[in-house]
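What follows is chain A paired twice: with chain B in the first complex and chain C in the second.
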Partner chain A sequence: MDSYYDILSVLILLSSIILVSHKRIKSYIKTFRIQSALIALTAGIMGWNSLMEEGRFDVLVVCGIIVLLKVIYIPRLLHKTYGSVEYKVEKDFFLNIPLLILICCGLVVFVYFCVSNISGLNEDHINLQVVNSFSVILIGLFFMISRKWALGQMIGFLVIENGIFVTAMFSTHGMPFIVDIGIFIDMITAILIMGIMVMQINKQFDSININKLKNLKG
Partner chain B sequence: MGLMLWLVPLVAVLLSILIKETKALHVMNVVCSFALVVIAGFATKSVMVSGILQYNLFGMLFYLDALSAIILDIVVIIGFLVSIYSIGYLNEELRRGEVNTKRIQLFYTLMYSFLFTMVLSLTVNNIGILWIAIEGTTLASTFLVGYHNNKHSLEAAWKYVIICSVGIAIALVGIIFLHLSSVTVIDSSHALRWDILYDHAKELNGQIVRLSFLFIIIGFGTKAGLVPMHTWLPDAHSQAPSPISALLSGVLLNSALYAVIRVLSIVNKNLGDSQFTGNILVGFGLLSITTAAIFILTQKDYKRLLAYSSIEHMGIIALSIGLFTPLSIFAGLFHMINHSFTKAMLFLASGNILQKYETRKISGIRGLLKVLPISGFAFLLGLFAISGTPPFSIFASEVSVFLSVFAEGHLVLGSLFILLLALVFVGIAVTLFRIFYGEEDSEERKPGETNPAGAAVLIVFLIIISITGLFMPDAMKELITSAQRIIGG
Partner chain C sequence: MIVIANNLIQLLVILLLAPMVDGIIKKCKSLSQKRQGSPVLQMYYDLFKLIRKESVVSDTASWIYKATPYIVFSTAAVGALLVPISTLMPSVQFSGDIILLFSLLALGRFFMCLAALDTGSTFGGMGSSREALISSLIEPSILLSIFTIGLIADSTSIHQMMRAMTEVGNPFLHPVYILTFLAMLIIILAETSRIPVDDPATHLELTMVHEAMLLEYSGRHLALMEYGAAVKQLILMTLVANLFLPMDQLIPFAGEGAFILSIALYAVRVIFLSVVIAITEISTVKFRFFSIPNLAALSFILSFLGFLQYFVLGR
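For the complex of A and B:
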């Protein structure tokens, strides 16, 4: 079973690197959807196992919520937000793509070294799933600072959230159920609020370029 | 009884959605916030009698001990005073046509959601739910920060929601690691529970606990405004409507520090000493005080100045909790109480000033004592208090903080600390004290308070911070001492 998880964790990592290499917001949303689907698949496999072995079905419920929220609802919401500001948005990055990808690879190597030094995380071999999923968090953070449109930041935030969720799954086989549900509620509210704010910013500043948010200093 | 603490703010949220009349909204607001104070009073009393307040409901989710009771009391008392102040504040905004009844409805809905999430974060027995509640505070207050809906407030709100959400996400990583360190020790039905984690602290995996503390201090430290994760704080505090600034500074920062303190006591028990956590907290504390002192010296906006002063005081609290001696923990908690009341008062007074002068610039204000006799007076005394002048309470707690620093033999740290406090004092004196005197500029500005109830609230605050500066009520002392034992083990 471990090899499935290994493959999935690599695929999830790969999807976040692909995300960094995109230039347009539409393709961000598409990649985010694929990444979420991969995570849902991982949760599904884990949920199935725990149902067979311990008779618990809470992980399967979580998997269902991921499909509903992250694969269907949030991408749709992002498309809607994007639609309302579309005519102003062009390419969105200010470092060139090969450099961005090299930095991402550097981040993965960095995480590998950090994780391999923490013996509590690794039983007898280095826990590669945690390395991969933790790298997703850092890549999400990096994605946020490498884009200048507010929508890019929202997607970066979602990728961080995805990374955290996968880290929780691979390291502890899931958080307690009620905590998972609460995190989902928080996340969906956060995205709704950010979506509304993007529209307001667009109205006030006539752009969603966050480099224009520079009035408050000192 | 304790569960009413969750119910009352939720009912208030519901009522503010349903009620469509300004007057009725104000009445509901006062009734609900007063009810919260009464309930919290009873809950605190039973905590003082029996130590811990817990019910066998939802898997022992509700939990109140001396530590959370102290911060809970700060939340509800400041919440009550702020809600009285808000009536006059909102009526004045209404008179100017800046808001309408719908906006007032929104204000109360969000304010009570904000209070609910803060009360929730202080009364749950589960770090996961605590995390959810603290993220909830960000979400509930985002639109409050952006309430005025202009360029500046939108910018502040966007920074606030992005920086705090990402920061809090990092704290979630820490919580996952804390959970990981305990999976082999604690039964899964008790996962992430404070009391159980604390009881089994010695058996947790030390290395992972240490790692989790790093993430948690970065994450919740963002929310508590520790430098260098503080960048959202001056913007949000200065752009939010003043009652909300008072809540953000007086209440929210404490809730975030509360989460750090809870984890800190688990980590220290696990590691057997406070060296590791102490170094980190003292480092963050000193950095916060230094940065704040520099920015205060060069500040041109009085609400931002108050915001930087909040960063400074959070630094002082972090430093004294980090030292982790009984005296320093006591001083830190005492300082937390004093700072909350003093700063809430200052922000409320600054709200009156802002409404009168319509500028945030220090240079735009002259002759404050003549134009606004009560608010100006409260602002003047509050500035003395916040910069650590006797006889106010902040002086008392700052003295106990540096006594505890010197008692541990940290001579350099202690001297540096006093030097920085002096620098802050000079900064506040140089930049702000000129606004009180001088002749008013040519513009027509009728002297007199616009918000009489708000002025009364300011006087209540003044009485509170003067009394606690001169002597400490026995009940308060007892409560802080038992909280100190909870943290120190």
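For the complex of A and C:
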């Protein structure tokens, strides 16, 4: 069973690196959807295990919520927001892609050296999964600061949230139900507020390029 | 005596199968476009036809131009001796032969670039500069992935590496192998000039890379160059088939029957891989030339992550 978790954690890390290497907003949304589906699969396997061994079914409920929220609802919301933006220029990053990917590579090495020093996590397999899922958080943060557009930054925020959720899941194998629900409700509120803000920025400045916010200076 | 026989079988299987792989990929592509397409054996007919024709050599060309087809073909043929088609067969093996294999292929490519520059045509120079860029971009990823496999197998001999991989069980349940496998797939596409990097079917001057270098060749020389490229493609596919899709551990009995069965399984895996390559070619478009560094960076990070996971897992 551990080898399945290893592979899923590696694939989740890989999907976040592929997200960094994409150029277009529609591919960001598609990759985010794939990453969420992988997370739902991980939660499904863990939920099935805990149902079989301890009779708890709350992780399975969390898995269902992930599928509804992150695989279906949020990508659709992002598509709708993107569709209503009028001024569509696709290129929106500060550095070129190979450099972005190499920096991500450096982030993974950094996390490896940080996490391998934490005692208590150092039992072979837990360690690998935590390294991979912790890197997802940092890569999401890096994705946020490397993109100019508000929509790219929303997706970066969602990737950070995915990373936190996966780290918690791999280190505890199922958190208390109330914590999970709390995180989801925070996230959905944040996404709704961001969606409204993107609309407002678009209306005010005719573009969602945040570089243009400099025009606010008097 | 047995060693010589084994090496002969090895060489014959790869040399005879190589043009067919090209035919299978072309057939898959034309079936996807609802065309009947050329027959699977078309490349054999083409090679026979070309070998019987005389080759025209430019007056300004030096000896490099005439020697290159023989160098390209012979480096590919020596490379074919180094990659065993079956782990049950002891062929040529010594430590470090995987590095020798890739340097032989690089030698062939080096002479190909020189010969394209030699005749002084504009397309040749363009093609060789692009080929040099692509190969230098993809080189780090090749080295990292073969060294990762070498670290796992504790050896740099291809035969030992393949033997170690048969003992792993299912390589696709192991994160290191899955990452290195994906990196190797990108490497094959870049090294054999397949679609995301270069389109093998086009002769459009703005986009061709490999074809631009062969543009001046004709007759016997052209046949050798194309045959060499096909053999090189099959060598890389053999490497991936035997390293990442090992099947020899499934054969329950020993002796000649096991040997024949393992060669048959090898043929099945090569056909499977060529269908995978054909599907990749069908479902992607050719990248802009300046987007190729992105693909190379992706391939590099796949092999690098594999390398890192090896250290994390510690085996």
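Before moving on, here are some points about what is shown:
Simple rule for what comes next: the second predicted complex is superposed on the first by the 209 of 218 C-alpha atoms of A that agree within 3 Å, B and C clash if a C-alpha of one lies under 4 Å from a C-alpha of the other, contacts with A are read in each partner's own complex, and residues count from 1 in each chain.
We adopt the following convention: a contact is a pair of C-beta atoms (placed from the backbone, for glycine too) under 8 Å apart; a residue touches a chain by one contact, two chains touch by 3 or more.
Please read all numbers here as calculations on a predicted model, not as lab measurements.
Superposition model on chain A: chain B and chain C are shown accommodated side by side without a clash.
Contact with chain B, but none with chain C, is seen for A:I118 once the two complexes are overlaid on the shared chain. In the superposition on chain A, contact of A:V108 is made with chain C only, not with chain B. In the superposition on chain A, contact of A:G55 is made with neither chain B nor chain C.
When the two structures are aligned on the shared chain, A:I17 is found in touch with chain C, with no touch to chain B. Once chain A of one complex is fitted onto chain A of the other, the partner contacts of A:S3 are limited to chain C, with no touch recorded for chain B.
Which of chain B and chain C touches more residues of chain A: that partner is B. Of the two partner chains placed by the overlay, only chain B lies in contact with A:P176; chain C stays clear of it. Once you line the two complexes up on chain A, you'll see the smallest CA to CA distance from chain B to chain C is 20 Å. No residue of chain A contacts both chain B in one complex and chain C in the other. Within the complex formed with chain A, the residues of chain C that make contact are 173-175, 178-179, 293-294, 296-298, 300-302, 304-305, 308-309, 311-314.
Residue ranges of chain A in contact with chain B, taken from their complex: 118-121, 137, 141, 144, 150, 153, 157, 160-161, 164, 167-168, 171-172, 175-176, 178-179, 182-183, 185-186, 189-190, 193-194, 197, 200-201, 204-205, 210, 213-216, 218.
Of all residues in chain A, those touching chain C in their complex are 3-4, 6-7, 9-10, 13-14, 17-18, 21, 96-98, 101-102, 104-105, 108-109, 112, 116, 124, 127-128, 131.
Per the touch definition, chain B reaches chain A in the complex via residues 126, 128-129, 131-132, 135-136, 138-139, 142-143, 146, 149-152, 154-159, 161-162, 165-166, 169, 172-173, 176-177, 179-181, 183, 188, 191-192, 205-208, 211, 234-235, 238-239, 295, 298-300, 304.
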